[in-house]
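Encoded as structure tokens, here's the structure I'll be asking about.
To keep things simple, chains are lettered A, B, C, D, E, F, G and H as they appear, and every chain counts its residues starting from 1.
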Amino acid sequence: MKNDKILDILEQLVSGKLDPQQAEKSIESYFFSDLGFANVDHHRSKRQGFPEVIFGQSKTTEQIVKIAENILEHESTVLATRLSAEAMNAMSRRFPDGEKDEVARSFVIGIPELDLKKIHGTVLVVSAGTSDLPVAEEAVVTLRAMGNPVEKLHDVGVAGIHRLLARMDILKSASCIVVVAGMEGALPSVVGGLVDVPVIACPTSVGYGASLNGFAALLGMLNSCASGVTVVNIDNGFGAGYAASIINRIGLNK
Amino acid sequence: MKNDKILDILEQLVSGKLDPQQAEKSIESYFFSDLGFANVDHHRSKRQGFPEVIFGQSKTTEQIVKIAENILEHESTVLATRLSAEAMNAMSRRFPDGEKDEVARSFVIGIPELDLKKIHGTVLVVSAGTSDLPVAEEAVVTLRAMGNPVEKLHDVGVAGIHRLLARMDILKSASCIVVVAGMEGALPSVVGGLVDVPVIACPTSVGYGASLNGFAALLGMLNSCASGVTVVNIDNGFGAGYAASIINRIGLNK
Amino acid sequence: MKNDKILDILEQLVSGKLDPQQAEKSIESYFFSDLGFANVDHHRSKRQGFPEVIFGQSKTTEQIVKIAENILEHESTVLATRLSAEAMNAMSRRFPDGEKDEVARSFVIGIPELDLKKIHGTVLVVSAGTSDLPVAEEAVVTLRAMGNPVEKLHDVGVAGIHRLLARMDILKSASCIVVVAGMEGALPSVVGGLVDVPVIACPTSVGYGASLNGFAALLGMLNSCASGVTVVNIDNGFGAGYAASIINRIGLNK
Amino acid sequence: MKNDKILDILEQLVSGKLDPQQAEKSIESYFFSDLGFANVDHHRSKRQGFPEVIFGQSKTTEQIVKIAENILEHESTVLATRLSAEAMNAMSRRFPDGEKDEVARSFVIGIPELDLKKIHGTVLVVSAGTSDLPVAEEAVVTLRAMGNPVEKLHDVGVAGIHRLLARMDILKSASCIVVVAGMEGALPSVVGGLVDVPVIACPTSVGYGASLNGFAALLGMLNSCASGVTVVNIDNGFGAGYAASIINRIGLNK
Amino acid sequence: MKNDKILDILEQLVSGKLDPQQAEKSIESYFFSDLGFANVDHHRSKRQGFPEVIFGQSKTTEQIVKIAENILEHESTVLATRLSAEAMNAMSRRFPDGEKDEVARSFVIGIPELDLKKIHGTVLVVSAGTSDLPVAEEAVVTLRAMGNPVEKLHDVGVAGIHRLLARMDILKSASCIVVVAGMEGALPSVVGGLVDVPVIACPTSVGYGASLNGFAALLGMLNSCASGVTVVNIDNGFGAGYAASIINRIGLNK
Amino acid sequence: MKNDKILDILEQLVSGKLDPQQAEKSIESYFFSDLGFANVDHHRSKRQGFPEVIFGQSKTTEQIVKIAENILEHESTVLATRLSAEAMNAMSRRFPDGEKDEVARSFVIGIPELDLKKIHGTVLVVSAGTSDLPVAEEAVVTLRAMGNPVEKLHDVGVAGIHRLLARMDILKSASCIVVVAGMEGALPSVVGGLVDVPVIACPTSVGYGASLNGFAALLGMLNSCASGVTVVNIDNGFGAGYAASIINRIGLNK
Amino acid sequence: MKNDKILDILEQLVSGKLDPQQAEKSIESYFFSDLGFANVDHHRSKRQGFPEVIFGQSKTTEQIVKIAENILEHESTVLATRLSAEAMNAMSRRFPDGEKDEVARSFVIGIPELDLKKIHGTVLVVSAGTSDLPVAEEAVVTLRAMGNPVEKLHDVGVAGIHRLLARMDILKSASCIVVVAGMEGALPSVVGGLVDVPVIACPTSVGYGASLNGFAALLGMLNSCASGVTVVNIDNGFGAGYAASIINRIGLNK
Amino acid sequence: MKNDKILDILEQLVSGKLDPQQAEKSIESYFFSDLGFANVDHHRSKRQGFPEVIFGQSKTTEQIVKIAENILEHESTVLATRLSAEAMNAMSRRFPDGEKDEVARSFVIGIPELDLKKIHGTVLVVSAGTSDLPVAEEAVVTLRAMGNPVEKLHDVGVAGIHRLLARMDILKSASCIVVVAGMEGALPSVVGGLVDVPVIACPTSVGYGASLNGFAALLGMLNSCASGVTVVNIDNGFGAGYAASIINRIGLNK
């Protein structure tokens, strides 16, 4: 019924298949459906191809497990991010088939199989230093949970630019690139100047003093002299991975 | 020669077709080519599908016209942004076939014909208020100059949310959406919650007092509660359009 | 004696009921009373319809209990906010009839019965996400302690705007609305555009990175494109509830 | 037709008074009406009791006059703020019955007659210094255009607190108070401590150096130690007046 | 020798009382002495009437006790501020005659007797709320340690302005006033408008959200509309007391 | 009558010299007088020893001249600061005996003769660079208008510390010192470490880039490692001079 | 006499060559000389190898010419920076042998001949974009005026990293490098990672929106992940050139 | 092979010493070598004279020890900074010949012997207060680990400027000076005005309130009125020492 038009409903009413009360209800729910409204669990994955993600930071372990159970009743994949060690262990015990990632502080159940008809290619996650790894890996986990093949290029910050240049082949073969960096946040500009695919820049709070908890990197990325770079919030590896995933199925998701 | 391998050059050397000095030079220039390096004018459009754009803000009218002439020797399209009225008129006189856009403060020569094999669909540019128009139209011009069909939805800010909801059909049919807003910058969150395509948020410096010249809108967009929203610099309509254009040909540009 | 005029005192002096020294003292104390000055406990509730509220954050458990005892000697209602678990338990033991609210971190003794002649209607408290609940519930407790009927609408953030639109009836029936939101703080603009009653926006420190501990939400709300929205300090649920309560009895409190 | 229910439309359809196409259209427009959506000019004044206000700052004189003409076709009152001297003169010539206010940089046509059944009382506008007058008078004009009786108390800043205390009678008799102040922005706290009615604080950009263009005053007001004070954006006299006006008819506007 | 002139030394050299090497050394040390330079312990109290103060915050208990012992070899008064409970107890044990102040987190040994020829009068310390007490009491202890009679006026914030006005006599009788306040920091402006003596404003970090850890109060005080108000750093009760003490002996200290 | 007590009034009432209405009025006006309240022009100079100062920045030339005329009806001295060249010339024409200071952008009429019984000594105004002169001279003019002898020491910034040290005699002989500096604002710390008199630091907006329009200097001064330094707003030469003047007559002004 | 010791003076005194008054004066002036104190014009060039530089920004044309004349009486080189077109022309007319640089907004008289015994090598000035040229050229002029050979590498920003890499030879042959960049300020990190000589980073105010007038570039440079990078103020090309010049003669200037 | 030219490789190829595949590989690795690229451990010390430094802050004790072991296989010196007490002890146990510095929170193995042909002289590290010691000593350790003789001058802040002036001899004899200061950060300006050698300013986070965690000191240093001062990040003692070390061997390191 989801693809019906209001007109269809009205015709059913005229033909007597629906009475006015039924029709009124159908129209209302239809209207919301057309807008993507209605019960969150059911429609979010229909609307956006992926169910709600559990942001673990301000939730108790019990809440996290319970929400995961609830989502699994309707969906085959669950992603939980920003988990404490305790929450990660509780998830492991409850969902032994799930995958725990301690660096990314994440837990995934039911990573979908790759369906190359639904994506444009491999997403590359590049990071500047080893301290940026938790954020970069959060992007990696998110990308995998959303059905993308992922390549990684870690510790290739601009102070040793050759480390990046030596891997031009990987840079050139990606369909979309997530670049994670703290401190001065210069890496997205360099990467953006070398490739012709979308670059999503994710600043991290790595640094000290005038890094202002990631604000210096954020400002650097927003002012990137390379065209085509867009930016997400500080330490938001999930957001970067999510955006890259949506970009990676543009034109294929309908 | 651009697709040769170093090995080919070396084999030509061994076979005597090149002498060592010639081979050295070829290798060097090859190396740069493989990285996308070398003469900017020639390679930028090869590397990224679009030649350099003239950012008019800190340039004299003479410089702008001269650079345009120079690019046109190698390219069929030229885009100049942030032009003064004077510079726009000078461009019009010099390039009578070009297209002047006074709202967007831009000038384009040689807008390419649409080639639907090279793009995924129509890019939608949404703006919150009439004061955001110059930035929104800069995005529109950029998108058109880069070969994208564009739809516009102006003056649909969140204080009258019905204006946006009434156009769900347009929102749903876009392959990628640029959202331009000043003041509290809330529109990208609302749009991002309604669609499943990439949303690029562009804050504007529209507002006063605590809008901090667009910083309030920028922060709002970075903190968007809708996943999949990425952000560009304040008033950077060009950057938003450029990023959307690159996203709109992902997987098709090789 | 509180409603006497200086003239009355002077006439008592002339008639010999007061001697000059007595009259001087009466006049002085009268003057302060007329300004609303004098002993805080007695006059604050007379002046503003509600006794002092205990802000528990920087007080010891002993101090909180003692102040509550002191206020109760003169008043029938006591509200204490920002209580630690320890302080809340101590209050429960000392005042077994009081009401403990763990989410709102508050304790109320003697919630007044509703007197519909003294208020204009129901106050609605809307919140964007589950993490905003402690602040929203602090507003709720404050409103109830000050004699207002309260409705709640939680977790209706702008990224899923349909959740809000589906409850237009509740929005439309409120006499005043408190909107609590963190991250980009966009919800008050949307609500403010839908209703014609006062909207009080309360930013929360929910978010991370560029949320700047609630500053992004605060700026967003101050720049709201919806007219009629006013703002209180970050996480100040009490202040939002207090302001709404004063608004809700405008014209009825004399 | 605006108060019809969807059911009515459906019944008209069943009875043949409407055909399916007509019914579809009616339902759609009805739906929006129920949400307060639809043609802005017609519905805004129905929804919020006041038509759109013309914010003159970023508009040409021609645009301003034209919008005013358009609004007057449907409404009896028009308010335009932030007008240049040129725009104010053009409005005067075009609408000779309108009222020009050079201090408030505003123009009003058709100030409504006072209807004391629709408001709770007089709104008081208090300002700290003579430099705050343009913002304070913008609030005054807005209040008058929206049908409120207004009192003013100018130049009563906290450095000479006696000037304020000497007018306690005026403070006490207001139903709602707008307080406008620059520099340290302390006046709303003092006023808020003296009265029991809603206080709306409006910071101004008056000051220099560490006043940060009004940010110091804004922060001061947000941190007010007086309960019940809410805040609007810097220099936003219109917003303060609008909010006070909405508060002043709470419970009376339906 | 401290008041000798270089000329005296030279004359001693010419007369043979000093040889050139001795004279060179005398001149060098003389030069520094004339500038107030040399061994810190000896000259600081000579130069400024008070020995070095021990700032305990970043020092170990052992260091604090040791420095106190060292100063006491040359001076009769020692003041230590920002002490931990542990450090305060260690000082108490080592210097049983010293005075421990737990609110002010300070310890003083040898408070000097009042010598009314060396000071102009009583210094008044005013504070806005009970949470400002630690900073206010640090100012009090500093003033007492430097030989000033002190009066206190606590909890007289501007939200209940009558509490301050009721004590005009104390305000009027002070020779210098220290005003301590957090949140919006408005109290110094009000006090400054009521008196004609120097007012030193000390912001505190009391507050939350947009108080920005005392920055709102600091900005408010710097923008005070009352002339004659000067400001010290956030929470710097010691600095406020020290400055007031120096002001209180102007013209008497030579 | 200004020194009467309420008791006197009451006794006059009892004795029939005043009727109750007259007595009521006298008491009211008396009460304000005791607080220093009442007509600004008359009482400000009585309360603070100096009449209102005309801050010329946001006033028209006509307003400035008119206010000056008004003040001169009651006072012998008038100070106007932040005057435009036009306003200064108008003042010169209207008050030919007044003194125009183009560097300080100020105008004074009736500088009082020095009365050494009312002040403690000479106030020294020190400035760091030649660009700080306008602010420093505003302090000088203010000091002179308020009856203080003034010495100046210009262009002695810390980058050439010898220039300051060479003038230790002047530093040592001042009763109070105003230090004006832009850029890093280090001069007050150095001066504060050399003297034992009050030091008032006045930051200026001199500098560029990271000077943040004087904020860097302001922060530097607030963090001064020299005790006894207090700070006024950026570019507030008037405020610094006013505060120094009040300090310079402490204990002598009653 | 400048290299005499105090002892020498004293011995002259003993031997009767100086009388005590003469000796006192000599000692004082000597003392200052030893500290680098005394008459600025004479000693500054002795102390630091370069006379005072004229910062033209806040000076009149007359002042600039006059100071230049004054310096030339004692020195062979004069450098004036931040000159208006008018000041530059006036300098050209007055000093026809001087060298005008319109891009650098500077004027130099008497550029010294290169003396390779006094410097370590060539200083390289690298800039990111053409808009950074005025700042970069100010550094170049300063370096040349202070006797350094200079190489330039303009428009090699990180978005086209190959342009920089192609010039490794120039980078490798410099003794010290000044890197000038606006926007995200990433270039110094990349350069710093490629060389082993001192890198001085100079941010420019080039950019818009979130570039915060050069603050984003400044923060980026301070957070550079390349060791050995130090930073000067925004747009401070003179300061960068001056620092590089001092570094370039380390160990050779005595 | 490292100093070969590409031509050499090609000639070896022509002469049959290398086959094309071998030559291709050699050229690639050669190319990177020429740029300073390739295996980090081997080339970093060749390129910059010092191997990678271990930044201990975000690493586990195990990681730190392991990296140290790895570096020692190729290098004779290892420096680790920002170590916890635990990490420092683990390093001591594993490398008993290493040197532990608890104030500097650092560990060095194999401090090189001084080779005066490779450096220009002694580097002086000056600090303002005792709280700045950890940062100052980090600079000292870094300088020593990189082969520089170091002098120290601690606790010579500008509030007692004589302490600095008394040590002019040490200031004058340094080849390069690192100045470490918190609070107002004025010391580098004073030092920079006294010497003619490079001054590297390092702000510290020492201070409170408006020191903004070192930002006040940082801004002060960037705005230094003394030419030739360059700045590093807050608390970055390592960076200051590293930069000074590179400066100290300019012209000698090839």
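By definition in this document, a contact is a pair of C-beta atoms (placed from the backbone, for glycine too) under 8 Å apart; a residue touches a chain by one contact, two chains touch by 3 or more.
A quick note: this is a predicted structure, and the numbers were derived from the prediction, not measured.
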item	value
Partner chains that chain A and chain C have in common	B, D
Chain whose Cα centroid lies at the greatest distance from that of chain A	F
Interface sides of chain B and chain C: same vs different residues, half threshold	same
Superposition rotation for chain E onto chain G, Cα-based, multiple of 5°	180
Averaged-CA centre spacing for the pair chain H and chain G, given as whole angstrom	24
Geometric centre distance via CA averages, chain F-chain C, whole Å	42
Chain centre separation (chain B, chain E; CA means) in Å	60
Junction residues of chain G, two or more chains touched	35-36, 160-161, 165, 193-194, 209-211, 215, 218, 222-223, 227, 233-234
Touching chain combinations (by label order)	A-B, A-C, A-D, A-G, A-H, B-C, B-D, B-G, B-H, C-D, C-E, C-F, D-E, D-F, E-F, E-G, E-H, F-G, F-H, G-H
Complex contact set, residues of chain A against chain G	128-129, 157-161, 165, 183-186, 189-190, 192-194, 207, 209-212, 215-217, 219-227
Contact footprint of chain D on chain A as seen in their complex	6-7, 10-11, 13-14, 20-21, 23-24, 27-28, 31
Chain D contact footprint on chain C (complex, rising order)	34-36, 47-49, 53, 120-121, 165, 168, 175-176, 194-198, 200, 218, 222-223, 227-234, 238-239, 242-243, 246-248, 250-251, 253
Interfacial residue positions of chain F with respect to chain D in the complex	32, 35-38, 40, 44, 57-58, 203, 205, 213-215, 218, 233-236
In the complex with chain G, residue positions of chain F that touch it	130-131, 160-163, 165-166, 206, 208-211
